[in-house]
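Both complexes below contain chain A, partnered by chain B and then by chain C.
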Partner chain A sequence: MAKEVTLDCMGEACPVPLIKTENALKKLTVGDMLIVQIDHSCAMKNVPEWARKEGHNVEIEEVDDGEWEIFIEKTK
Partner chain B sequence: MDIKNNKFYQMWFKNAWTYVTGAILLSLFQIVTLATTNDPWGVSGPFANWGAWLYQAVGGSVDKWYYFSSKGAQATLSGGFMNDPGSIRNLGIIVGALFATLMASQFKFKKIKSLKQVIAAILGGLLMGYGARIGFGCNIGALYSGIASLSVSGWVFALFLFLGATVGSKLLVKYFM
Partner chain C sequence: MEKKVEKYDVVIIGGGAAGLTAGIYCGRARLKTLLIEKSLVGGLATYTNEIENYPGFPEGATGLGLMELFHKQAKKFGVTFKLTDVKSVNLEGETKIVETFRTTYEAKAVIVASGGKPRLTGAKGEDGFLYDKGISFCATCDAAANTGKTVLVVGSGDAAIEEGMFLTKFADKVIVSVLHDTGKMDCNEIAKAQAMSNPKMEFIWNTVVHEFAGEERLNAVILKNLKTEELIPVKVDSCFLFIGYLPNTDIFKGMLDMNRGGYLITNEKMETNIEGVFAAGDVRDKFLKQVATAVGDGAIAGYSVEKYIAESETFHSQIMRSDMPGMVYVWNAVDPKCRELLPLIEKYEAALVGKVRVTRVDVYKSAGIATRLGVTQVPCIVTIKDGKIDRVITDNICDEEIAAAVE
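Up next, the complex of A and B:
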């Protein structure tokens, strides 16, 4: 059964969201979904960039003014 | 039609510009800056002047300070904020960044997460400010403008900036994660 995990990175600046995402994704298994909540526009660029390079499925949703949720499905 | 779906609104204001676009614009404005003010672009230098003006406003004097002892520095200080191109430019950066984030409707007051974050921010700011002045420049004045002026010092700065960032990242992971 695939899990869904939320990672709160609100108020964190680079590179903290990216490192937290890397660490959180390590603990998940293939098929799991990680939802990273951010309000730092640079993280909106480097977190998806890293996750896509690693080969995961990534979607970004703008949930409010200056707030985003990055959906990362672990694929390997 | 909703402006949010307008192609030009998204292209100009909503989506981040590419690194190449940014690099070309920075280069063009560096040339404009050098041509009009006779100085390459710098950011942290004017902040030292702001500090001096604030100190003078509460009755302090920096006349005897070595840092402000040159004729040029004294002229800038007595000329005031409105006659200092660097100060006006820094103000422009702040106002421009605010404008950009408002246009993209991404403005937000961010919550402070922890006391640790406050201490790290204050400590980081002090170290960066001190380092930038003792090193006669920050990323912009010493690195970017240094390299753009074909100066070896810019490349030396780059090497040690890289070393410092490496050590800083290790400390961040160790104490902040």
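Up next, the complex of A and C:
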């Protein structure tokens, strides 16, 4: 059964969200969803870019002005 | 994980200048509009530092700044944005399906504004030097920054040679890597002759890029001679790639008509071969790819969608109803023969109130509904029974025929 894990990176600047995302994703299994919460626009660029490059499914949702949730589905 | 299903009037695929403009038009027409962008809103224009030919900005604008304004304007008109990849589409049928990995979107119309990207060489080290780190795709954009420098141009088509000649106005030396044998190029003969006699231009024949090298920035390109396998290191300040453009149309293959290069074919209303599916911007087979032309495409596509959806609604909610029989008069307001029949139609309109729903469809304004009814010739009368087309009368439209048809 696939699970959903939320990773709070609010108030954290680059490269912290990216490193946390990499580590969090390592612990998940294929099919699981990681939701990274960020409010730093630079993380909005490098986190999805990295995840896409790794081949995972990525979607970014703007939950509020300047706050985003990055949905990453682990694919491998 | 179970996929959500969300319904929209229109889904726009691609958030560059064309998609954003289409969004502004759809949003302003009060359509429930979704725009899906796979990376960052703004598209290819955001890679351009300075846009000096987009009207309305005499001081110039940065690509990113200009696209942020487009984005803001689309948001103002209520466009919803989703930043994710479109995985697949199903465009046949009246409800169009657009799938992302989390959601299935159902829409009445789709605008494809997925753009394209410059083709890369695939050589070693390329990834590390793209755009502002030394590999450029636009002489118009980056020539001035290479004043007094040495640049390498890869390619020998019209774009490569013409842009290369433009670069000689700024750079000290423009070296061109050509795939073909000495003296053979893909460009037109006039450009070739001019380039060959340009003292600032130098050609290295039979070569492809083997590797891009440098530290923070590109400082050398290692070419490889295809015949001798010899590696030729060339010291450069910048490299310009003009080896073609790849439209993002893979997921539409076999569905939407495209030309040999994969660009989508549309008419001037931005309609593709599938009803309710439109295309706009760089993804289209078109003459000039610029922000200014993408904006024009987007406006037309947005307007076309609005007309298409309005027509669909008329068609279903008024014409193809099963609660009461219907009669449709398909006519052309500029055709005298059609106008002559109007009093007769009006007579029936009055006589049939509450019994038969009479609709007039003027093809002069739009042929959309007539097409849906399968009507190609006017004047024409179509009768509807149980929500289906019952009879089609094209010849000898007169009192008796109509009376018999609406019996």
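In the analysis below, the second predicted complex is superposed on the first by the 76 of 76 C-alpha atoms of A that agree within 3 Å, B and C clash if a C-alpha of one lies under 4 Å from a C-alpha of the other, contacts with A are read in each partner's own complex, and residues count from 1 in each chain.
Assume a residue touches a chain if its C-beta (ideal position, glycine included) is under 8 Å from a C-beta of that chain, and two chains touch if they have at least 3 such contacts.
Predicted model, so just to flag it, every value in this text is computed and none were measured.
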First, second, both or neither for A:2, with chain B first and chain C second: second
Partner chain in contact with A:35 - chain B first, chain C second, else both or neither: neither
Which superposed partner A:23 touches (first chain B, second chain C, both, neither): first
Partner chain in contact with A:15 - chain B first, chain C second, else both or neither: first
Which superposed partner A:61 touches (first chain B, second chain C, both, neither): second
Partner chain in contact with A:45 - chain B first, chain C second, else both or neither: both
Touching both chain C and chain B, counted on chain A across the two superposed complexes: 45
Complex contacts: residues of chain A adjacent to chain B: 10-12, 15-16, 19-20, 23, 39-41, 45, 64-67
Residues of chain C defined as touching chain A within the complex: 1, 39-40, 81-85, 100-102
In the complex with chain A, residue positions of chain B that touch it: 16, 101, 105-108, 110-113, 117, 169, 172-173, 176-177
Interfacial residue positions of chain A with respect to chain C in the complex: 2, 31, 33, 45, 48-49, 52, 57-62, 71, 73
